[in-house]
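The same chain A turns up in both complexes below, where it pairs with chain B and then with chain C.
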Partner chain A sequence: MKILLCCNAGMSSSILVKKIREAAEKRGMDLTITAVANAAIRDEVGKWDVCLVGPQLVYAVNSIKAQLNIPVASVEPRVYAMADGDKALDFAVSLLEG
Partner chain B sequence: MFTGRQSRILEILLNNVQGMTGAKLSEHLGVSSRTIRNEVGEINRIWKEGNLIKASKRKGYFIEEQFADSVREYLLSGGRKQREEDAAGRGWMILGMTLETGRTDVFAVEEELSLSTPAVYKEVTKFQKKMVAGYQYEILQMSADRLWIEGDERKIRQFLFKLVKDETQAGTNMHVFLLRALLYRAFDQDEYEWMVRVIKEYFDSRYIQVSDANLYMVASAVYITMIRNAQNHRVVTLQDAEEIDPEIQELFRYLDENSFELDDGDRQILWGLFHGFKITANPAVEESSGSLSVLVLEDFCSEVMEKYHFDFWQSKDFYDNILIHIEYMMRRMETGYEVKNPILNDIKRQYPYAYEISMLLVPIVYRYKNCYIQDDEISFIAIFVEHFLENVNHKLKTVIISSPRFSINTIMSNWIQSNFHNQLEVTAMIPRHSLEKYLKENQVDLIISMADSIIDPVIATFKIDGIPNHYTQKAMNALIHRIRMNYRFREIIRTYFKKEIIRIYRGKAEFDQVILELSRALKSEDCIHDVNEYVNDVLQREINYPTYMGDWFMIPHPLVTFAKKTAIGVAVLKTPIRMKNKEIQLIFLLAMEKKQNEQIGVLFQLFRHMAGENLSIRSLAAVETEEEFIDVLIRISSSTDIG
Partner chain C sequence: MNSKLQDILMKYLMPIANRVEQQKHLQAIKDGMIAVIPVIIIGSISLLPTAIMNLLGSGPVYDFLAKYINVFTYAGMFSNDMLSIYAALFIAVALAKSYGICNNQTGATAVLVHLILSGVSIEGGLSIAYLGASGLFTSIVSAILSVEITRIMMKKKLFIRLPDSVPSMVGESFATLVPLIVNVFVAVVIANVSLALSGQVFPAFIMSVLAPAITTMDTLPALLIVIFLTQLLWFFGLHGPSITSAVWASFAIAYGAENMANYAAGLPVTHIFTFGLYYNILQVTGSGLTLGLVLLMMRSKAKSLKSIGTVSIVPSLFGINEPVIFGAPIILNPFMFIPFVFGPLVITVITYVAMSSGLVGMPIANPPGFLPPGVGAFLMTLDWKCVVLVFVCLIIMTLIYYPFFKAMEADELKKEQQA
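Presenting the complex of A and B:
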C-alpha cells in the first residue's frame, strides 16, 4: 500500500509518517509512505494509492482529490494531534477499501 | 424585408446601373425569367414609395435612381444579415414543426413555408449538416417524406438550451426569432415577454447583476421547459444527479411561487445550463473550499511569470475577475455549454501575443480535467490577458544612461521598443551625472548602462556591452523576471508582516510567554478568534510536532485552529531561548485562514531557504526596530533565488 501524507509546510507530517510506518511494520504490512507540502502535490500524480491530509488542510481535500484522482481525506484532528500511527493507518486502509 | 433572392437581385442591379435584362438576371441567379418577373413584382409591392425597379426595352431592369442610396444602405446594414437569418431560420422552423409532436412530413413543411419539395429536402440536409458540425447531434432525421426527432427528452432539451445559449450569448437579439421558430405554434410573444419580466424581477429584487445575455438565456430556457411540459414531452428525473447549488435552488423556488411548475427532472436540466453562467450574487468561487479554479489560475500565473515574466498577481481586481471567468469556464466544460465567440478570428489576428499567453492554460486545464479548452473559450481569456497587458500591467520604469555616441542610443531605444514594449517603459535617457538627481525625483525600476554593472544599491542595473543580440535579450528577460519576483515577494511580505505584530525581546524571555504575547497582538489586530484557544493549540502542537527550522528559527502554528485573517507574528530574541539543544533567535507565529493561499506556500519556501543559511537569521536577529525588520526581510527575499 502506498500512502501520501500532505500538510501545509511539510514539517508536521514527518513524525506521523514515522508512526504510521512503525504501525505497519508491527502488522507486517508492505507500506510505502512519504510526506509532502501542499505546494508540491502536483508532482505526486499517479504515484500513490491514497492520500491523507493534515487538519490544517481540510479545505484543500477536494482540490487535492481533483489533482491526484485517488481517495483523499483529512486525518481526524485528535488522531493527528496525538500522532497516533495505528489509527491513522486504519483510517488510510478504510479509505482505500471505501 | 426582402428575401435573400430579392436582395441579390437588388445588389446586381445596383452594380449595373446601365440595367440588365431579365434573361441575364435569370442566368445569373439560376432561376427562370418568370421567377425574376415575379420577384421584381414582389419587390415593387414591398417598396411602398413607388416602383423601385423599372423596366425598359433598351436597358432591361434597372433601379430608379432616387432610391439607389436607400437601397444601398438597406443592403449594407441589414440586408445581408436578413438573408442569412432567413436561411438559418428555415432550418429552425422545420425543426420547430417537427418538435411539436416529434414527427411531421415534407408536405406539411412545404405547405407551411411555401417551399417546393426539393427545396425542403435541401433545407433539411443543410440544417442536419450544420447541427452535426456545430453540436454533434443529428436531432432532425429524414427518410423519404417523413421527418422525426432523434433522442430522448433530456437530450432534446439540452440541445435546445445550447441553441438558445449560443444565440443569447452572441448578443444579436436573434433569440426571440429562434424561440419563435423552435416553439412554432406554441410561441406567444406576450407570454415570453412576461416570463422575461418575472425573471428580471427575481434578479432585481435580490440585487443580482446579470447581463442581458444571461437574463434572456434563463428566460428562454425556462420558457422552453414550460412549453415542452405543456406539450407533454416529459423528462425522466435522474437519481444520481449532481446537487443543485442553493442560489439556483432559490431561483427555482421563486419560479414555483410564480406558478411555473418545474419538476426535479426539469430542474436538473436547467441547472446544467445555469451552473455555467454568472446568474448568482456571490462570485461562484468559494474561497474556503479550495476550489479547482484557484489551482488552475495559480498554475497559470506561475507559468506566465516563468515564460513571459508578467505578474498577474499584481492586481487583485484582475486576478479576481479572471478567477471568476475561469471558474465558470471550467463549469461549462463540465456541463457542455461552452460559449462560442463570434469574433474568435479577430482576436487571434489582433492580439496574437495575448492569445499565445492564454494558450498556456490549455495543458494546465487538461492536467486537472482531462479535456481541452475550446478555441472560443481561450479567446475570452485572451481578452482578459490583452486588457492586462494594455491597462493593468505595471511596466518597469527604465532609465537609459545615454552613450556619448548618438547612434548607439538610437539602437538601444529601438531594441527596447521592439523587444520589450510590453515590459519596459523608458522614462528617461540621461547622462550618468544627472542620474542621482533623477532618482531622487522619480521612481525607477531598472537602469540600463553601457559602462557600469552596478550603479545603485537597490535598483537593478542591466549592463549592455555592445550591440544587443539574442543573448542580451535572454539576459534582459532573466533580469525582468527577477525584478518582478522581487516585487512579488515584497508585496507578500508587506501583506502578512506588520510592525504591530512584531516584538523585539532584548532581555531573557520564555517561549510560552512569547507565544502568548504574540497571540494577543494577533488578536488586537483582529487576526485570530480567541487567544486561549489559539495559544493552547500552538503549544500542544509543539509537543508532538515541533516546528524548528534549522537551529535558530521556529515557525509555531496551530494544528486545527484557523485564523480570521492570515498574518505572521514575529519575535526577535536578542537573548536566545534555549529549547532542545537549539538556540532560538527568531520566531514566526503563523495564523492561517481556512482557505487555499498560494502566497503562504511561497513564504514557506522563503522560510526553508532562510533556515538553511545562518546569515539571514543573524541579520534578522540583529535588527533594532520593527520597520527595519520588514526591510531586512524584503532584502533577504530579493537576494534568494526561489519561486
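Presenting the complex of A and C:
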C-alpha cells in the first residue's frame, strides 16, 4: 500500500509518517509512505494509492483530490496531534476500501 | 459552542480558504516566492562577512575580511542581486504545473520574458538595477504573462502543425517555438511602450503603480491584520499562514531582499515585515507562540493536557505546533480564543515598536526556517537584543496564556474526575 501525507510544508505530517510506518511494520504490512508539502502535490500524480491531509489543510482536500484522482481525506485532529500511527493507518485502509 | 462555531466555519471561512487555494495565480505566486528562499539564504550567507566586519569595526580579522571582501560577497551579486530572475522561473513553473502544461521550455521562456522586461540596456552592457528586490513584482508579471500566452496558444492550437510523416520530436520543437516567439514579441513591445509612454523602464513603472501597496504592507496596522486573520483561521483549524501568505509572501520577500541589498551597500535598512520576522519572532515556536502553553501543559495535573504537552514540546522547539493546536485542542476551544487570537497582536505591537524605535535591529538577512527560538532571530539581525526580544515575547505570551490555561485545566480535571 502506498500512502502520501500532505501538509503545508511537509513538516508536521512527517511526524506522523514515522508512526504510521511503525504501525505497518507491526502488522507486517508492505507500505510505502512519505510526506510532501501542498505546493509539491502536482509532482505526485499517479504514484500513490491514498492521500491523507493534515487537518489544517482540510480546505485543500478537494483541490488535492482533483489533482491526484485517488481517495483523499483529512486526518482526524486528535489522531494528527498525538501522531497516532495505528489509527491513521486504519483510516487510510478504510479510505482505500471505500 | 462547538457545533455552532463549526457551522460558522463551514459557511464563511471554508469557501474563502477554498477559493484562495484554487486561485492558480495566487498559489503560483506564493509557491514561487517561497521556492526562492534558498537563493535568499545563499545571499544571506554571502552577507555574513560584511556583517562581521561591521560588528568588529577593526582588528586583524577585520583587515583580513576587508582585503578579500569582494571574494566573500561574490555570490551575493548573483543570488540576492538577481533574485527576480529566479522568482520568475519558480512562479512560472508552479503556474504551468497547475495548468498541466509545464515542460522544459516553461522556465526559460519566463526568464527570457523577464529579462526583456527588466534588464536595462546601458552603454556597453546591461544594468542589473531591476533584477534584484525591485524587480520581484515584475517577475510576477513576467511569469504569469509568459505562462498565460503559452497556455492560450496551446488551447487555441496556435502552433505550426506539420504533416504526420514528420517525426514527433521535430513537431514538438516547432510547437514550442511559436509561443516563444509570441512571448518575446509581447515582452519587447511592453518594454518599449513603457519607455516611450512613461519614460521609465517597465519595472520602474510597476513599482510606481504598486507604491501605495508596498508602503502600506510594511506598517503596524497591516501586520496586525495579517496576524489577526492568521490566528483566526488557525482557531478554526485552518492553516493560517498558508492561506494569508498568498497575499503577503511577495511583499515580505521583497522587503527582506531590499533590506539585504541596502545592508550590503551600506545604506540604512528600512523594512520590518520580512519572512524572517514572521517566523522567527511574530510566530516563533509556531502560530500563537505556543511554547509557554506547551510547557504549562507538560506540568499539568490533567492527564490529557500533560500527554499532549509531552508530544508537542520537541516539534514546538522547531516551530511546528500542529500537535498542540489540534491536541489541546486550541481549535474551537472557548478557553483559548482570547489568548491565541489576541495575544500575538500584543507581540506584534511590541516587536514593531522595538524595531521602529531602533531599540532592536531590523532584519538584514533571511535565516533558514524551523530553527529553535532565538537562533533564527539572531541570524536574521545579528543583534543579541533581538534574541532577548524573542524570549520577552515568549514570556509575555506565557503570562497571557496562563489564566486561560488554568481555567481550561480546571475544566479538564473536572471532566477527568467524572470519567
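Throughout what follows, the second predicted complex is superposed on the first by the 98 of 98 C-alpha atoms of A that agree within 3 Å, B and C clash if a C-alpha of one lies under 4 Å from a C-alpha of the other, contacts with A are read in each partner's own complex, and residues count from 1 in each chain.
As a convention for this text, a contact is a pair of C-beta atoms (placed from the backbone, for glycine too) under 8 Å apart; a residue touches a chain by one contact, two chains touch by 3 or more.
Here the structure is a predicted model, which is why all the values come from computation and not from measurement.
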After the chain A overlay, clash or fit between chain B and chain C?
clash
Look at A:60 in the shared chain and tell me whether it touches chain B only, chain C only, both, or neither; answer first, second, both or neither.
both
Quick check for you: in the superposed arrangement, does A:81 touch first (chain B), second (chain C), both or neither?
both
With both complexes superposed on chain A, which partner does A:39 reach: first (chain B), second (chain C), both or neither?
both
Once chain A of both complexes is superposed, is A:8 in touch with chain B (first), chain C (second), both, or neither?
both
Which of 59-67, 167-175 or 365-373 hits chain B? In chain C, it is stretch 365-373
Considering only the contact definition stated at the top, list the common interface residues of chain A for chain B and chain C.
8-9, 11-12, 15, 38-39, 42, 54-56, 58-60, 62-63, 77, 80-83
Quick one: in the complex, what on chain A touches chain C?
7-9, 11-12, 15, 38-39, 42-43, 54-60, 62-63, 77-78, 80-83
Using the touch rule from the top, collect the residues of chain A that touch chain B in their complex.
8-12, 15-16, 37-39, 42, 45, 54-56, 58-64, 66-67, 77, 80-83
List of chain B residues in touch with chain A within their complex
288-292, 294-295, 299, 367-368, 540-541, 544-545, 547, 549, 555, 557-560, 592, 594-596, 598, 600-601, 604-605, 607
Residue numbers of chain C touching chain A in their complex, please.
13-14, 17-18, 21-22, 27, 30-31, 34-35, 94, 97-98, 234, 237-239, 241-243, 307-308, 311-312, 315, 318, 320, 322-329, 331, 369-370
